[in-house]
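Across the two complexes that follow, chain A remains constant while its partner is chain B and subsequently chain C.
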Partner chain A sequence: MASAPSKLYSGLSLALSTIFFFFKVVEGLDSVIADDVSLVVVLLDTNPFFWTTSSFPFSHFLSHVLAFLNAILTLNQLNQVVIIATGCNSCDYVYDSSKTANQSFGNGRMPTLCATLLQNLEEFMTKDEKLGIEEAEERITGSLLSGSLSMALCYIQRVFRSGSLHPQPRILCLQGSPDGPEQYVAIMNAIFSAQRSMVPIDSCYIGVQNSAFLQQASYITGGVHHKPQQLDGLFQYLLTIFATDLHSRSFLQLPKPVGVDFRASCFCHKNTIDMGYICSVCLSIFCTRHKKCSTCGSTFGQAQSDDASATNRKRKAPDS
Partner chain B sequence: MSSGHVTKRAKYKTSVKDPGTSGALRLNEQKLMFMPDNRNSSTKLAVEFKSIQGHKYTKEGSKKPPLINLSNAQGGSYIFEFDNYSDLHVCRDFVSKVLEKSKDTSSVASEKTVVTLPDEQLSAAEMQLRIKLLQEDCELQKLHQQFVGGNILTEAEFWAARKKLLDNDSSRKSNQRVGFKSAMISDIRPLTDGRTNKVTFSLTPEIILQIFAEKPAVHRAFLNLVPKKMTEMEFWTKYCRAEYLNRTKNVHTAAAEAAEDEELALFLKEDDILATEVRKKIRRVDPTLDMEADEGDDYMHLPDHGIFRDGSKELNESQHDIYRRTLLQDLNRHAAVVLEGRTVDVEMEDNTRAVAEALARSKQGKEGADGYENEERLDRVSRSTTLEDLQPPHSLPLAPLSIKDARDYFDSQQGNTLKTFRDPSGKMESLGSLSTQEAYGSMRDAISEMKSMGVSDPIINPEVALKVFNGLTHSISSIKYNHGKNPRESVLDRLPTVTKEKLLQHWTCIQELLKHFWSSYPITTPYLYAKVSRLKDAMSNIYRQLEEMKASLQSDLRHQVSLLVRPMQRALDAAIQHHDADLQKRSAKSSEEIPNGYV
Partner chain C sequence: MPQVKIIAKNFMDMVASLTARDLDNLYQNPFICEAILRSLPPLAKKYVLQMLYIEGSVLAKSMEEWVLADGFTKHRVAIDRLVQLRIFSEEKKKETSYRLNPTFQTNLQKHLIYGGALPREPMPSNVTVRLPTLEELEAYALGQWECFLLQLISSAQAEKPTNFSSSMMKVFQRGLLIQRDKESPRLSESGFQFLLMDTSAQLWYIIREYISNSQERGVNQADLISFLLELSFHVAGEAYNVNTLSELQKNMIKDFADLGLVKLQQGRKDSWFIPTKLATSLSISLTDSSSRKEGFVVVETNFRIYAYSTSKLHCEILRLFSRIEYQLPNLIVGAITKESLYNAFDNGITADQIIAFLQQNAHPRVAERVPSVPENVCDQIRLWESDLNRVEATPAYFYDEFPSRDVFEAACDYARDRSGLLWEDSKKMRLAVKAETHTHMREFLRGQS
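Moving on to the complex of A and B:
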């Protein structure tokens, strides 16, 4: 870019149109690596158990989200949107704007984005239901957030490796179902790998109580976490808070949570705890005293008395 | 010891061997006095504690009599022998207490000085280290002052929890090995006395080691020949002879003598071990380098640069070329050995044999590593000939994992406490009424409904949008107002600086106390028992201070602070509760087990 203006002004004989064309080309090249091009990977919670109990219907949710994604795609021509459905038995990519951009769909009543997404989402729901039938009846009804987070990170890694010219990736979790403590380790691992590859995880929680996982995810990766108070205004929340690209965030004041719930899940019963036992070797967390660490196999010293066990009981440190 | 003085029978001695004068030793907070039994004796003493610098005493159980030694600033000392150890202990405790106190009051500047405690004898270096650590870390210093100065923790306890700090520091100052001198051995000129033809070379073990290191052939010869074939003396005589011949640059004589004496020839000939080593070294050079240029390093096989030892030039060619060494050769070898450093740490006994063997051993170790030289070379070739564009990009953007500032803890704690105010119900509403099938069915219905109806228009009610927007703007601006410009500011930064400092200080204090408290459980000794009750008192003290701080604040801040203080108080509560429960259990178990005087 720096050399462009000097070239422009030195060639006085150039026609205006040529200058314009030249400028266009330079800008086009430049914006590939510009800092305001984003790749937004949206994790869509499609847990039917949540949506059927939610006061906010899924169709309304979808229309808000679709409008928001359309807005993102129009913010910059090179913006890219990938949608991953987070079901309770499986996760899958349901939309990728880089692949379906030029497909015309249906009778043109609906934007391509919506039509493709709805089509894929329906297929996904059918598949997800089938998977569920094969499994046991009495299962937990959480969403597989860890799975979709991993898929998002894989996609982003592929983009990273595709070359030096790639959009700025970020992940947006639209989650409604409560945390599945049994996924604690997997989710934390995904969060840390996101942090390590400098991918912020934004999260918008539309359920009743707040999600500790998402709070931690956004806190650790430097993303934004928000829990909208008024769900029928979801589109406004999304547009105001989550539409901004990473570069612009440095100039903007986005909502900041008052505090982050740092509680962890124990590795043995997957309960969310705020006091527990920690393996001194591998830092695994347990809610009860064990003779041996189930993760690394370290044998813990025998306590001399009941008092000794209390010595090991420590408040969970402010880890993050 | 609350009484201000102690009187004991003791003998005053000027030295340990002195039989001593028996009398009464009287100690009070200002001075120590000794009154001999014999009133006329001149050994009456009255010494101010200010002049006493330190004290030593004999340990119980040693065969020595119970002695206490008080040293004064002038380097003199007062030695007292007691009748028994219990007297000694009483006096010792008293003296240490008085000394501690006098140090605290006498000089404000040296208040950081670590006071010698009765139960540990610190070396000056350790003391220095502790003082240094305290000076470097003002937080540590504050803690130290508060707890050790306030008699809540003893010096030893305080530092026992920070062993790592002490270790780290001491490991840093490992003593350095002395390398070889950079002066060449050839600089050590032989001494000629001028009258006779005798030439004296003086060899020290240091020089011998250097000779061995620089001339592997001599080293090998020594290992082979001494003491089987010749004595050490003979060996070195021969070596010196060879050196002398070299020095005189008498190539022809050298050749002639070498022909007669094969051992001498060993020294005169070029060092074959060195030669192979040089060849090896050349092979280890980066294969992409121009080898032609590198030939220059192989000085063994190229005509020398014409400079001979001692700077003279001698260009006459002769067939006895092998008996000639150049300055350059020696210089290079010497430099290499010096840079390699001393591999054997021989404490320079006179045993040359030991030196030689140690050197051989250390070389063997290196030899082993050289074995893979060929593979290594191939590996290097493949490594340096890789094509950049065929390699995967290995510079993916990575951020180092970071341990967050501990202060963030306060944020999280506040969040937690806030949460408990809110709804504690965790689970989704009952799903019993809905089967899996129905749930999925309704989802699919919603999707197909959207498919047929399209996106609702308008997506959002403008009034709702405005409300949301206003709400967001308001909350963001209020945060901004509170936070200033820094988005990373935490809850703590909203408080006034004084409060913040106080809060943080209390927090570190509580952490320190709790650490010591929990680590002293289970209580097995009366010592631990005393420590725990001391800690408990300190904790209740802090508890009160926290309450006072809360009460002193304005109402708008009080809420914020109480949110932060609550987890601290909870931690303290847990500890105090445990302490009380433990106390009860003990007293219930057997009241006689509790040592008297501790309750």
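Moving on to the complex of A and C:
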């Protein structure tokens, strides 16, 4: 995590590990959801490394998403949309419908959505690019999904605390870039805190290979994961699947997970592995044998037969 | 029982009962399309969105595959609603299929892609002198509404009379007040229930009465509905020029000002109207969603009520079922007593309504608690109510001197099957049946002999 480029990010990852332990289940959430008023936090992948290689241009993608956001806001006057841009060096809020609704632009609410969103997005992209140039020596081409996820959760926590009459929140990840295994711990922490506060994470993956992180996020939090087959029809996918409010979800057929990629990343080299060593105290995952757990500091006892573990090291878990 | 409630909830039924031509005309206006979409049940909204870009019709069978088995009744309700409002048209060739109303469809499509504009441009700020802040506007709206309500329930109490003609007021009062000869009018049973409803439900009740009354005055219902729904898309707190309205709308806007929906202001040259929160939230309250308003009442286990309110109306409402002990500038203190409750029960208010009112209006501090109204208070209110219902009187007919035991038993069975048997004494062969089964019983006994 120390190699993370921006200040914002390292601050956030620190906050995350504390959030994971101190989240309280908000009371009253388990009560039956009676209405369809919803707060949708959309995480928009703006990673230029992905969009330059994608066959589906960013401008098309954005026009689909804008129409989708209009649709969400049309469904209910109390619906709220927040957009967080996920860049490759930073992430930021680019639109919040509750703030702009009160501002009286001369040309009305809906055009305001487009205008503010595009303007903020452009500002964000230039800022993000500058940050990238400063940290040029170690280029990370993944998106900071963990950062934007935790920003979304922070926003939702604030909504929860604003009183009992808050809309039903959910998170929608529109992600195209491949998983960054180095963010594994931070993302898993975010997923678990979303699970504890009962916020479903929906995910729509528009990249080439499917994302294991997003599959797990939706699976654990009870959201919907989908990878559209035809990107030209993205709008229809978004409307049919992701516009469904939490109340209606109990009555509608939605895509079910066909097999979730549960592989984890090790804490030491951030490799994606399906077999490894686990600390029996704090459940940290390692791809090689260690004398001491780097997370909780507990010392591992000597394995019973050293030579056996050397030949068969993937299967052997260290005894504590 | 709660007749008023049903009326208030189903404003959309009134829209649905418009003629097909009126409805199709309504959909010419994109704002109406949006407002109607918002008023639909959640599942129906979903279907409209899903069908929005499908040209042509979709088979009813394939739509049924969208829902899980649990949601089938909801699915039927949604489809019925859409057909009723003529948003879906049914096509029956070999199999039933549905398609979206083309005008509705194009209007919504445009709305999603280009984004809607406002119904009319707000006036530039250099023309309007000083606009009220949102807080001032909200206070104004609530004040206006309460003043109207006070006048409605007792004309003498209102501080300043509204512009509504007394005939109009009579229309509103119809059903809420009863006047026995020579006595001053008092609240009827449904009047009390009306007072206990939340503001938006009350507002819709009044508006419904207003609209159905307007037809008698020769104003088209569809015009009124469309203007009302359009009004809810204006921005609260912005000024709009009155001259942009038609003659008919100018007349209506004056009435709406009395209800607190808009505030009218007069400049040097122009006059303008400023929509309040009450107006802009009209289309929210069309759905069945739970009311989103902060409460003010704290009930303690010792039957005391503390109401943090400055409103005279709240005080009047509390007086319906409790004894008001003192009134401080921002606090009303009362107690629920047996006498005050008996008073309420006499007026036709039920225990459940009182408890529901206390729960809905619970102060945010106690609303977090479960239950928000102490259990012992709820139980006692219900007990006092059931005290009154210990003896039940039912009109009945009494039969005796049966010729034989067989006839008697056949008669008993017959009455029991029609659930009309109240009492039987098989030794002396006597029985009593409800008055409404008497005619059948007589026929039956005639056939026996």
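Methods note: the second predicted complex is superposed on the first by the 259 of 320 C-alpha atoms of A that agree within 3 Å, B and C clash if a C-alpha of one lies under 4 Å from a C-alpha of the other, contacts with A are read in each partner's own complex, and residues count from 1 in each chain.
Criterion: contacts are C-beta pairs under 8 Å (C-beta built on N, C-alpha and C of every residue); 3 or more make two chains touch, one makes a residue touch a chain.
This is a predicted model, so every value here is computed, not measured.
Engineer: Now for A:Leu165: first (chain B), second (chain C), both, or neither, which partner does it touch?
Structural biologist: In the superposition, A:Leu165 touches chain C alone.
Engineer: Check whether chain B or chain C contacts more residues of chain A in the superposed model.
Structural biologist: For chain A, the partner with the higher number of touched residues is B.
Engineer: Figure out whether A:Gln236 sits in contact with chain B (first) or chain C (second), or with both, or with neither.
Structural biologist: After superposition on chain A, A:Gln236 lies in contact with both partners, chain B and chain C.
Engineer: After the superposition on A, what does A:Phe49 contact: first (chain B), second (chain C), both or neither?
Structural biologist: Touch status of A:Phe49: first partner only.
Engineer: Between chain B and chain C, whom does A:Gln253 touch in the aligned arrangement: first, second, both, or neither?
Structural biologist: both
Engineer: What is the contact status of A:Glu123 with respect to chain B (first) and chain C (second): first, second, both, or neither?
Structural biologist: neither
Engineer: Answer with first, second, both or neither: which of chain B and chain C does A:Pro178 touch in the superposed model?
Structural biologist: first
Engineer: A:Ala67 in the overlay: touching chain B, chain C, both, or neither? Say first, second, both or neither.
Structural biologist: A:Ala67 sits against chain B and chain C alike.
Engineer: For A:Cys114, decide between first (touching chain B), second (touching chain C), both and neither.
Structural biologist: both
Engineer: Does the superposition put A:Asp274 against chain B (first), chain C (second), both, or neither?
Structural biologist: first
Engineer: With the touch criterion stated at the top, can you tell me which chain A residues are shared between the chain B interface and the chain C interface?
Structural biologist: Comparing the two interfaces on chain A, one with chain B and one with chain C, the shared residues are 67, 109-111, 114, 164, 235-236, 240, 253.
Engineer: Applying the document's contact rule, which stretches of chain A touch chain C when the two form their complex?
Structural biologist: 27-28, 34-37, 67, 70-71, 74-78, 104, 106-111, 113-114, 163-165, 235-236, 239-240, 243-245, 247-248, 250-253
Engineer: Under the definition above, what is the set of chain A residues touching chain B in their complex?
Structural biologist: It is residues 46, 48-53, 57-60, 62-64, 66-67, 109-111, 114-115, 118-119, 121-122, 125-126, 128-129, 132-133, 137, 141, 157, 160-161, 164, 177-178, 192, 195-198, 208-210, 215, 228-230, 232-237, 240-241, 253-263, 274, 304-305, 307-308, 310-311, 314-315, 317-318, 320 of chain A that touch chain B.
Engineer: In the complex formed with chain A, which residues of chain B make contact?
Structural biologist: 392-393, 396-401, 404, 406, 408-409, 411-416, 418-419, 422-423, 425-429, 431, 434, 436-440, 442-444, 446-451, 454-456, 459-461, 464-465, 467-469, 471-472, 475-477, 479-480, 483, 487, 491, 518-519, 521-523, 567, 571, 578, 582
Engineer: For chain C, which residues count as touching chain A in their complex?
Structural biologist: 34, 37-38, 42-43, 45-46, 49-50, 52-53, 65-68, 70-71, 74-75, 108, 111-118, 121-122, 235, 238, 281, 283-284, 287-290, 292, 294, 364, 367-368
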